[in-house]
Amino acid sequence: MSTVTLAKALNAGLRDALAANPRVLLFGEDVGRLGGVFRVTDGLQKEFGEERVFDTPLAESAIIGTAIGLALRGFRPVPEIQFDGFVYPAFNQIVSHAAKYHNRSGMALPLTIRIPYGGNIGAVEHHSESPEAYFTHTPGLKVVTPATPADAYGLLRSAIDDEDPVIFFEPKARYWQKDELELPVPHVPIGQARIAHEGESVTVIAYGPTVETALQAAKAGEAEGLSLEVIDLRSLVPLDTETLLASLHKTHRAVVVHEAPVFGGFGAEIAARLSHDAFDFLEAPVERVAGLNIPYPPSRFEKLYLPDVDRILEAADRVVAYA
Amino acid sequence: MAQLNPEGTLPPAVAIEEAGLDRARLVDLYRWMVVIRRADAEALNLQRQGELGLWGQFLGQEAAQVGATLALHPDDWIFPSYREFGMGMCRGIDPAAMLYLFRGLTHGGWDPASHHFAPLAIPVASQVLHAVGYALGCKFDHSSQVVLACFGDGATSEGDWHEGMNFAGVFKCPVVFLCQNNHWAISVPLEKQTAGRIAERAAGYGFPGVRIDGNDVLTVYAVVRAAAERARRGDGPTLIEAVTYRMGAHSSADDPTRYRSDDQLAAWSPRDPIVRYEAWLLAEGHLDDARAGAIRAEADAVAQTMRTKLVNAPVPPPSEVLFDRVYTSPSRTFQAERDEFAATLEPSE
Amino acid sequence: MSTVTLAKALNAGLRDALAANPRVLLFGEDVGRLGGVFRVTDGLQKEFGEERVFDTPLAESAIIGTAIGLALRGFRPVPEIQFDGFVYPAFNQIVSHAAKYHNRSGMALPLTIRIPYGGNIGAVEHHSESPEAYFTHTPGLKVVTPATPADAYGLLRSAIDDEDPVIFFEPKARYWQKDELELPVPHVPIGQARIAHEGESVTVIAYGPTVETALQAAKAGEAEGLSLEVIDLRSLVPLDTETLLASLHKTHRAVVVHEAPVFGGFGAEIAARLSHDAFDFLEAPVERVAGLNIPYPPSRFEKLYLPDVDRILEAADRVVAYA
Amino acid sequence: MAQLNPEGTLPPAVAIEEAGLDRARLVDLYRWMVVIRRADAEALNLQRQGELGLWGQFLGQEAAQVGATLALHPDDWIFPSYREFGMGMCRGIDPAAMLYLFRGLTHGGWDPASHHFAPLAIPVASQVLHAVGYALGCKFDHSSQVVLACFGDGATSEGDWHEGMNFAGVFKCPVVFLCQNNHWAISVPLEKQTAGRIAERAAGYGFPGVRIDGNDVLTVYAVVRAAAERARRGDGPTLIEAVTYRMGAHSSADDPTRYRSDDQLAAWSPRDPIVRYEAWLLAEGHLDDARAGAIRAEADAVAQTMRTKLVNAPVPPPSEVLFDRVYTSPSRTFQAERDEFAATLEPSE
């Protein structure tokens, strides 16, 4: 057991994946010599050499497009997109090819696209985006995001072992969050949500960076006699609807939390699905606590844009008080 | 390639010598051009008769497609655009199966790994990056395989094309870039596509570029072979601009009379790659009328077989087509959706 | 009054916009000499010259990126993306710039991006996509789509007159649909849904190509004694929630219809919103009838993928029978 | 530009002659370099003191930024990347207001239309297309304005860069492409960015490219001016690769000791653009110590004013910042969301 940050757990996951399979390759902008702008790939080029871990020219479409070619050749590429806001130049390669290549060709396309995402780091424009809904709406992709160091390690290993393209969103504001942990973490399957905190009155559904916020809300709620059950989705596609419905059977109330703008966000799918499947036992409308329907604001204002403990508690209060 | 004359052709003797062509191979180049042109014509008929949803002729581009494909080793990979049907045939892919895509039965139609021939790529220029990535993999594997990346003149305007060229230069990938410059991107003529010259762009990426007569099958063969050998030696990429002409419409949905004159078409007719090459083969005694006739008969037979197989193609079970190739390792949820879908079909499936 | 196809109405809308304002520019792949692969821009280059209506090189990111530059210069660009599946190379310019440039600079960005979209035309891959949800989730954009020749004309004029970037989705399978019509059509505001068919029992919410399908379902339903109210959204962003809720107050039941995959589609936002806002008077879960959660299939199978009259009626029956 | 010597510099006499520089202008070039370097240093301090969230130094690139900006007419547009703070200052934008962005107060900070200076563009190379579009608009307007498109060496690898170059060539846009090749894209050195040479790429787009000493302010001035005049005459684009060196970190978040040696830095020190130019001005008698001292004092004052204004900058009302510049013509729904948001703030706002 030792204290491990989420970033360090990812680093360990990458190291162990590289060691376990000589076909695993890491590449992207500044991931080699520098070890990544967040040091997630720190030391890996030194350990595995420049043919396993390497820097590319500055071109996201090429990073993903060549990763597809490498996957067809039998490699297991793990390309990095440096920041959420810089995945868009690669959108065509992801949506038209990564998501569809197996469908078209029958060839497996094991590919893990790592993307640090989300806000709350005081950054300039384009460095705080939460683009997950663009990918969850794209059949052929799997989409996962860890909220803890243990899941960071476990989900990353599962993603790299998976035969399908996986978008791996890393909650960058939580990179330095720590846990007592023994590495390697045992298998964390893709497609299984986790009950992060048990509770009775309201199911709070979160993923990635907002899980910690939801847990803080649960703690604060306890003081007020409000019992929140926090579910960490871990996997957005496939979505573990069973775990959500099981919780709703108990609480009859749900609040969904994410950073992306609420309009058309991933929360819409969850709310639509739960409102449908739990129609008979929902006792209040499903609430969404999410980013505002505006471009991500300048950093001094990001706290007003992002879900926080207060907004989660207010929503929980609303659904509890609903009559 | 130093011997290319200003028109971008090699004297036949030089091409033959450089590429080590024997008579059988010389005739093979001819045979394939005749066969794929016949299949192309048949596919157009099939489209007109409603058997295909769409057809994209490659009439006039046979020399580029045949010369390049035959110049490679069979296990070198080809990453085609949507127009390289002829190349697929040269790779031994069943032409009827390739047409299934244009019939709306499949998005694929063959196993890319057995033919070393990637799926047709419709988003223009996107395949260039796959080719470069695959080539980088060959390099990492210390393989002797090389990769041919195919695209049109219009494709050179896309960002993906540039990013692929640059990656290939930086990583010195074993890849040959083959541009079939057929002068048109649907209705947009070359001079509105770029103010530069395509082959000259290679210098900016740190590797050689060469502009050749794409209607001269011997030149195409010799130059692609030399570029492939260069790549195989570890000396990196080459960009080949094969100048040719799209003698047909962009596709069966297109009406070129709206944007191009008969004059231009007429000007290119004398440069027909098959006519030119046939005349030379006959003159040199590599071919006689009997053999030529036999080849035409073979082409007819290939076309006929293709047609018969196509029009009788069974429609595969919908649940399979729709759901069985979305994920290699599908989730429970996905399987449940598949089952639900299958249930709605029960009576018909 | 004359009989006008939707394509012809668009052509008239473009012509009138070009005539009304010398700053309006049309450009894209094959829109000039050829008049567009669907002939929507037919004759316009001849009429307005090569500086108002012109062909570009084959590069979608440049088409949108230069349109942004032209808009900053005070033009009103109307770039065309040839097919739905080819908008992805321009995704970065749309999401990072078109949507945000006004936010960042304070400068107006009047820009209408025309995109023929949707399936049902027997096409090969990448020519039948419905990517609207990627754009509706992007704050800063407006997103509209007509279902009739009249709205095609009217919405297009409104989009071109708007000071903000508008994604204008054209239902290509309906290009040849006809209406008796007097042109020019009076003002059709952005943000206002249209009751396409009045009914009592179920509100069917559709847009673009599925409006006609919903109307056919309404007709078929009448025979069975099922009264469907069909709402044509016309504008996805901004969304006319009032009109939807007013209808729900009457019917208490809703079915949402679109071609894009159901998971994370625009229907999720509508369903989530209605389930929330109409929680007290909804008598059945909101149903979604949409594309399957798979890549758009080969054309011989597209009818099985797309919403059709039967699936709409089944969903309507389900919500009516719900207890 | 034919007189460029192999190192990419112009003899000063030629530069002065060609660009019609008088003494006032010669000193002005110096003055601006001193002023923006001082502001740059102050911004770095402000970042270290927690007053800015991030800072991207341009130390070493002053000649490129000042030379290029002063070579233009004031109403020529500049489309900067994120590193052209110095250019913005030369355009008269309040440096404190420009820093608001790095303080997290705004995404903009100035009115682009009044300064003919576009917002900083963070997605690498994306601004190149805006510049080309704007330039095309100038051409349509028969305006005499031209456009300067700024980007780094790393940016030349992006698809948008290529598409912009090609469009500019095809439409013969009045645009000058200025690459500040500072040898690094964060930690990636030039030789891993491309195997070619940046300036040579222009040929492939049908217009001239030139590689110059980007640390020689006279050369930059003369060459940018010539290219701008060429564009103004309707002769189309020019690509200028200004070779310089990033003397600082990529940004305040970066640690260059992880990837570059002190040696390389040391090798570039003697080529400092200000030191070189100052020595020449003094030697030629265009500048004396008193004037130089006055300029340094002015620079200090500018930096001090910038600091004071920055640290005292009021935080604008949140509803305004968040909602008032999303749509030019917001919908009712959007206004309602704004009002709802404002209501939650009531006590604080």
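By letter and in written order, the chains are A, B, C and D; residue numbering begins at 1 in each of them.
Going forward, contacts are C-beta pairs under 8 Å (C-beta built on N, C-alpha and C of every residue); 3 or more make two chains touch, one makes a residue touch a chain.
Just so we're clear, the structure is a prediction, and the values are computed from it rather than from any experiment.
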| item | value |
| --- | --- |
| Comparison of B-C and C-D by number of C-beta pairs in contact, larger one | C-D |
| Most distant chain from chain D by Cα centroid | B |
| Separation of mean Cα positions, chain C and chain B [Å, integer] | 36 |
| Centroid distance [mean C-alpha coordinates] between chain D and chain C, Å | 40 |
| Gap in Å, rounded to a whole number, between the CA centres of chain C and chain A | 31 |
| Distance between the centres, which are taken as Cα means, of chain D and chain B, whole angstrom | 44 |
| Residues of chain B engaged with two or more neighbouring chains | 107, 123, 157-160, 163, 166, 170, 192-194, 326, 334 |
| Per-residue multi-chain contacts in chain A, two or more chains | 57, 59, 61-62, 85, 88-89, 92, 96, 100, 103-104, 125-126, 139-140, 292-295 |
| Chain C - residues contacting chain B, complex | 29-30, 32-35, 37, 55, 57-62, 85-86, 88-89, 122-127, 292-295, 297-302, 304-305 |
| Touching residues on chain A, where the partner in the complex is chain B | 25, 51, 56-57, 59, 61-62, 64-75, 77, 89, 92-93, 96-97, 100-110, 139-140, 142, 162-164, 190-191, 238-239, 241 |
| Residues on chain B engaged by chain A in the complex (per definition of touch) | 79, 107-108, 111-113, 118-119, 123, 126, 128-138, 140-141, 159-160, 163-164, 166-167, 170, 325-329, 331-334 |
| Partner chain B, residues of chain D touching it in the complex | 157-163, 166, 169-170, 172, 192-198, 200-201, 203-207, 236 |
| Complex contacts: residues of chain C adjacent to chain A | 61, 85, 88-89, 91-92, 95-96, 99-100, 103-104, 125-126, 133-134, 136-137, 139-140, 237, 260-261, 263-269, 271-273, 275-277, 279, 284-288, 292-295 |
